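So, here's a batch of structures to check.
There are two complexes below, and they share subunit A, which is joined by subunit B in the first and by subunit C in the second.
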Partner chain A sequence: MSGDWSFWLREHKGTLLAFAAFVVMFTIYAANHPAGLNANVATTAANKGVLLAIVAMAQTLVVLTSGIDLSVGMVMILANCLASSIVVGSTLTTTIGVVVVLLVGCLCGAINGLIVIFGRLQPIVTTIATGAVYYGAALALRPVPGGDVNTQLADALTGQLPGGVPESLALLLAVVAIVWVPFRRSAIGRAAYAVGSSEVAAYMSGVPVNRAKFVAYTLSGLLASMAGLFVTFITYTGEASAANGNTYTLYSIAAVVLGGVSLFGGSGSAIGAIFGALMFRTIGDLLFVFDVEPLWQPLFQGIVLSAAVCLGAVRLLRIRNRLDLYG
Partner chain B sequence: MAEVPSAANRSGRVIDKVGSMRRRIDPALAWAFGCIVLVLLIGSLYSSSFLSPQYLLQQLKVASFLGVIATGTMIVVLLGQIDLSVPWVVAVGGMMATAATGWGPLGEAMAIPVGIGCGVALGLVSGVGVAFLRIPSMVVTLAMNAVAQGLMIVHTGGFSPQDSSSPAMRFLATGNTVLGIPNAVLVWAVVGTAAVFLLTRTTFGRTVYAIGNRERAAYLSGARTRTVVMMAFALAGGLSALGGVLLAGYASKAAQAMGDPYLLPAIAAVVLGGTSILGGRGSYLGTVAGVILITLLQSILSVMQMPEFGRHVTYGIVIIAMLLIYGRGRRPAE
Partner chain C sequence: MQGVSKRYGGVRALQDADLVIEAGRIHAVLGENGAGKSTLIKIMAGVVTPDQGRMLLDGKPVSFASPAGASAAGIACIFQELSLIPDLSVADNIAISNPPRHLGLIDRRAQRRMAEEALARAGADNIHPLALVKDLSLSRRQMVEIAKALARKPRILILDEATSALTAADVTKIYGVLKRLRAEGLALLYISHRMHEIAELADECTVFCNGRSVASFAAGTRTDNEIVELMIGREYNAVFPAHKQRAVSGAPPPLEVRHLGWSERLNDISLQVRAGEVIGLGGLDGQGQRELLLALFGVLQGTTGEILIDGRPVTIAGPNVAKRKRIGMALIPEDRKTEGLMLPMSVRDNLSFAALDRLSHWGVVDGAAEQHAVERIVRLLAIRTDGTAVPAGSLSGGNQQKLVIGKWLMMAPRILLLNDPTRGIDVGTKQEMYQLLRELAENGAAILFYSTDYDELIGCCDRVLVMYDGAIRRELIGPEITERALVSSALNIGTEARKAGAPQTAST
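And then the complex of A and B:
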C-alpha cells in the first residue's frame, strides 16, 4: 500500500504543510505569550482566526473551480449589516433572522454563479461588480454603524466551552462538517475539482460543469454570510465598511494561497485554507508577542506573506523542461 | 527585384484598409462610446450645465487620474495578468513625492521622479516574482501591496515626513496652460500617446500582446518573454505612482488610503473598454472610453443626488449589464 500513501501525501501536501507551519507558529506564540496560554488568550485568538478561516473557506470553493471571488468580503459585510437588524429578540425571531441571513448569502453567491455560468463573464470582473452591488445593499441597510444582536446567542458562540476550549473552534468544526465534508465527498464536489483542473476536459467527459460551478458559488456565498453572522456576534453591531470588506477579500486570497490551494484551480482543500487563515492571523499575533513595535507590524506581515508566496517558486527547481513553465 | 507598387495597386490597398476598418470596429468600443453619449444626454436632462465645456473639462481632469492608473493596469491585463498592488503603489507614489519635497530644494525638484521611481521599484519586484519565480501575479502583487503598506506605515510613523505636495505637483494636477486645458489632461494625453506607441509600434508592445495570447508560443518564437513581463509590471508600478503623484498634487497632500478607490475602477475601466481580462486583446482607445465612462457615471450619479448606496448598486449593475452585452466569453464546447 506504499503507493497509496505517497499518492495521499502528494495530494494533501499543501494542507499538511499549512498545518505544520501553523502548529509551529502557534507553539512559538503560546510559549512566548506573557500571560501563557490561558483560556482567554486562546478564545480571543480563536475568534479572530475562525472568522478569517470561514471567509477563506468561502474563497476556496470558488478558487477550486479556477475562479476567484472578489465579493466574499462584501457578502460578509452585507450579512453583518443584515444580521445586526434581524438577529434580535426572542428565540423564534432570532432563528428566523439567522436563516434569512444565510439565505441572503446563498442568494448573493447564486447570483455570482449565474452570471459567471450563463453570462459567461470572467469571475474576477463579475465579482468586482456584484461586490459593489452587495456593498450598496449593505450601505442601504446601515448607513451609519449600529444595530444590535441577540447577545445570548452571540456570547454562546464566541465564548468558551466547559474546559476552556473556545466555542468558535467547535463552530468552525461544525461548519466544516456541515458544508465542506459533504461537498468534498459528493459527486458535485468532485465535479468542481474536475472543472478546476480542466473545464474543457470536464465538459467533454460529461461532468455537470454548470451545476458544479453553481453549487460552488452558492456555498461560497453561504459561507461568507456565516462569516458575516460571526462578525456580528463578535462586535454586536453592523457596519458597512468598504475597507473591512476589501481587507477580508484580500486576506482570504492570502489565506487560500498559504493553505496550499492552487489559484489555477483543481487542487487543494478548504482544510488547508483554514490552516492558512489561522497561520496568517498567528503571524500578526507573533509580532505582538515579540514586542515588535506596532509600527513595524504591517511591514513584517507583508514580508512574511511575500516569503511564503515565494516558496511557491520551489517548483521551479523540479522542472525538467522549461516549456512546462508556460501553460 | 524590387517591386514598385503601382497607383492602382495602392488605391486598392487603401479601399481594402477602409473596408477592413469598418469590419474591425470593435463592438466594445462602439458600446462604450455610445454609453458615454447616453450618460451625457441623461445628464443634460437634469442640468444644462452638463454639456458645458467647463463641466466636461472638469470631468476630463478627474478622469485623467484614473486614466493614468488604468494605463498601467491595461498593460498588465494585456499580458493576462493582474495588478492588485495599485492601492498602495499609488499611495507610495504620492507619499514619497511629498516626502521628497520636504528634503530641501533638491528634493523639491526631484519630488516627482522620486515618487515615480519608488513605484517602478515596487513594480520591478512584482515583475521579478511573476516573470522569473513564476508565481501567479494575483498573489505577488497582493503581497507587494502589503509590503508597500508596511513600508509607508513605518515611513510616516517613524520619520513623520512632509505630506504636502510641491508646487510642481500642484501645477501638474491643478494648473491650466494651453487654451485652458487642465495640465492633468495633458499628462494623461502624453501617457496615453506613449502607451499607444509602445503597444502598437514597438517590439515590446507586440510581445505583450503575444504573451497575452499564448505565452508558450511567444517564448518559442524567441520573444524575451520574461524581460517583457518584468518591464510591464515595472511600467505599471511607475504609472500607478504617477497617478499617486497627481492625486497628491490635486489634494495638495498625500494620505494613506488615497489609492484605495482606484483598484477596482481601473480594472473595470480596462474591461469595459473591451480589453480581455484573459489578455492578448484590447485597444487603448477602449480604455480611454472606459475611464471616461466610469468617471461620468460616478459624476452623474452624484449630480442626481442619488444616495451613496444607490451609486454603488447602479455602478455594479451598469458594469455587469455592459459586459453582458459585449464582453461574453465562449462556451467550453467551442
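And then the complex of A and C:
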C-alpha cells in the first residue's frame, strides 16, 4: 500500500520534531563554540546529556501509562550512593556491585508500581512519598559525600572511543537497545501505551492493564538506577544530594515534554525524550556560548518549555464539545 | 443462558433471563431503555458477573472473570461505547488482545497482514492499517471496531447498537458482512432499536422487558405492533401530581429553538417551551437528547440554527452566559457526581455556586445572605442533611440529586433543562421531584425534561417530543402520551414500518 510513510510521519511527529530541534540547536552551539567542536567538548556535552537522557527515558515509561514518577531523581541518588560503596574492587565484585545496584533500582520501581496498582493511589502522591523514602535510604548509606568506584570501569564508560566519539553515547545506544526497543516492540509495551491512551478501552480489549503498569514502573526504576551508576562513573563519589535528585526529576519531566511525549499518556517515545533531554541541555550550553549570564539560564529554559507545551495544546482549538476539554 | 439475574444495589437489572443463540443464525434482541439488554451482553462479554443463573457454551457451564476470559472462549463483543485506543494505529488496535509475536517481540509484518485481512473481512479495506484511530471519523472507527472483533476469530459475535454511528454506506457494507458471517457459521447476537434492520437481518428475535426475556420467536412471525406490545408493560410504582391547566398567554415563549443542528448528532431541531409547560424529551437513550440540552446550555461549539429567549434571538456562549438573569437557564446534568456536585465540598458551598454572583457584593460573598438562602432551599426541598457544613458526598444519592436541583433553584431559573434527573434515586425522592417540577411550572417556569423512564414522561409532561437519530420525529400531546405511543415512536415505527416491509419479504 502506498503512503505508508505519511502515516509513519504522523505517528512519530513528536519524536521527529524533537530530533530536528535538537540538531538545529546543537549545530548552532557547535558552530559558535570558541574552541570549535573538538572531542573534549563533545565528550563533556555528551556525558551531561546522556545522564539526563537516561532519567528522561525512565520518566517516559511511566508517563506513557499516563502516570508520573517524581521519584526517578531519588532512585538515581540512591543508586549513586549504593554504587559508591559496592562497585569497587576486582572485576567480580564490581560486576556483582553493578547487578545489585540495578536490582535495587528495579525494586524501587516495582514498589512504586505495586502501590499505584493495588493501593489505587495517584502516581504523583505515591512517588513523592516513595521518593522521600529512597532519599532517606541514600542518606543512611552516605551521610556525607564520599566513597569510591572502580576507576577503570568508570573511565571506560565516560571517555572517548577511538575517533573521538564519546563513549557515553555508545552507552546510551546500548541502553536503548537493551531496554527501550524490546519494550516498545513487545506486547507488554503495547499494553502500556494502550493503558495510557484509554484505560477503559484497554481493559475492555482484554489488555493486561496491571501487568503493563507494573512493568513500566519497574523498568523506570531500572533506568533510574542506570543513571545513578553513570553519575558515580562521572564523579567517582556518592553524594546524597536532595537538590540534585529533585532537579533531575523536574528536568526529566521537561525533557519528556520537549521530546513530544504526551503527559496524558499513550503517545510519544523514549527516543523523543532522549532528544528532549539533549535539547534541554543544549539550551543551557547555548546560553554559555553566547555569553549570557548563567543567571538567565532558568528563564530561557522556562520559555522554551512553555513554548513547547503551547504547541502541544493546539489540538484543543478543534474541540467541539466543551465538556471534552475536561474529560 | 438460563435464569440469569443481576442486581445493582436495589435495582434489578436482569431477572431470570433466558436466551438461546445458535450457530449460523442472527439473533436480534429488542427492548426499551433499562430492559436489561446491556446488562445481558455485559455478562456474556465478561464485564460483569451474574448473581444467579448460568451460562452454557456448547452445553458446558462457563463463567468469565474478565473480558479476556470471554474473548478466549470465542465471544467477541462490539460495544456501543467504543473500545478502541485512540493513540494507537488501526493495526495495533486490531491486534491488541493477542498480537502476533516472533521471539517475544511483536511481529509487525504479521500484524499488518492480520489487520489487512480483518479490515477486508469487515468490508473496510479502504482504511489504512497504519492510520491512528484518533484521526478517523466515528463511522470509520466503528468499522475498525468490527474488524477488531473479527480478527479474534470469534464463534459468537455480539453487536450492541453497532450501526448507530455508521454512515449509510457503511451500514450497507455491514449488512453484507453480517450475512456472510452467518453463512460461515458464526452465531450473531444483534441488539438494535432499528426495526427495519432487524427485519432485514434477524432469524430470531427475543424481547426483553423489565429485565426479563418475555418472548422468543422466529423473525417475521410477529408484526411490529405485536413486538411493541411485548416491550411495554412496565409496572407503575409512582404517583404523579395532577396537571393544572394554565391559561395560554400571548407572551412569546421563554425558550424557542429554530432549526438547531450540531455535527451529525443534531439535525434541524425546532421546539417551543412556553411558560408553565413541562415538555418531555423521549426516545431511546442516545438519540441526541443529551446533546440537545448541552447545545441549549452553550456547551457545544459550532451549533447552527437559532435559539430565542422570550422571542429574541440570543447567542449562548457557555453556561456562565446561560445562567445570566436575562436568560435564566439552568441545566440539571445527568451525572451528579462529576457534572453536578463537588462532592468533597460542603452542602452550603455546593448550593451557592450557581448563585454566587447574586449573593456577593464587589466580589465578596455575603455570608449571612448565603446562609439564609441556603437554609431556605434545604427546607424547601426537604434535603436530609446534618447541617450545611457537611461534605456533599456524605449525603444519600437522592439527597445529592436534590442538592443539584437546589443549586439551580437558588438562582430562580425561568428555563429549567433536566437530563434524566431521577436515574438511580429512590421512589420517595422521585415523588418529591415530580411535585417540585409541577410547582415550578405553575409558577411560570419553562421546563424541558429528558427522561429514560417512560412513566415519568407520561406522568409529568404536557407534551413529549420523541427523538430519533438526532431529530425530533414525533410530538405527543396530553392524552396521546401513552407507553405504546412512546415506544413505537421511539423505535420510529409508523414512519419506517412501511419501508421495512419490502426488504423483509425479500430477505426470507
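The definition used in the following text is that the second predicted complex is superposed on the first by the 312 of 327 C-alpha atoms of A that agree within 3 Å, B and C clash if a C-alpha of one lies under 4 Å from a C-alpha of the other, contacts with A are read in each partner's own complex, and residues count from 1 in each chain.
Methods note: contacts are C-beta pairs under 8 Å (C-beta built on N, C-alpha and C of every residue); 3 or more make two chains touch, one makes a residue touch a chain.
Quantities reported herein were computed from a predicted structural model and do not represent experimental measurements.
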After lining up the shared chain so the two structures overlap, which partner does A:Leu323 touch, if you call subunit B first and subunit C second: first, second, both or neither? both
With both complexes overlaid on chain A, does A:Ile68 touch subunit B (first), subunit C (second), both or neither? first
Look at A:Pro143 in the shared chain and tell me whether it touches subunit B only, subunit C only, both, or neither; answer first, second, both or neither. first
First (subunit B), second (subunit C), both or neither touched by A:Gly89: neither
So in the superposed three-chain picture, is A:Tyr203 touching just subunit B, just subunit C, both, or none of them (first/second/both/neither)? both
Tell me which partner A:Gly164 touches in the superposition: subunit B (first), subunit C (second), both or neither. neither
Could you look at A:Leu295 and tell me whether it touches subunit B, subunit C, both or neither (first, second, both, neither)? first
What part of subunit A is shared between its subunit B contacts and its subunit C contacts? 200, 202-203, 323
Okay, in this complex, where on subunit A does subunit B touch? 68, 70, 115, 119-122, 124-126, 128-133, 135-140, 143, 199-200, 202-203, 209, 243, 246, 250, 253-254, 257, 263-264, 295-303, 305-306, 309-310, 312-313, 315-316, 323, 325-327
Which stretch or stretches of subunit B touch subunit A in the complex? 82, 84, 129, 133-136, 138-140, 142-151, 153-154, 157-158, 215-216, 219-220, 225, 257, 260, 264, 267-268, 271, 277-278, 307-317, 319-320, 323-324, 327-333
Touch list for subunit A against partner subunit C, complex: 1, 3-4, 7-8, 10-11, 182, 185-187, 190, 193-194, 196-198, 200-208, 262, 266-267, 319-323
In the complex formed with subunit A, which residues of subunit C make contact? 47, 66-68, 71, 79, 82-89, 92-93, 96-97, 99, 101, 104-106, 108, 128-132, 135, 148, 262-263, 294, 299-302, 318, 339
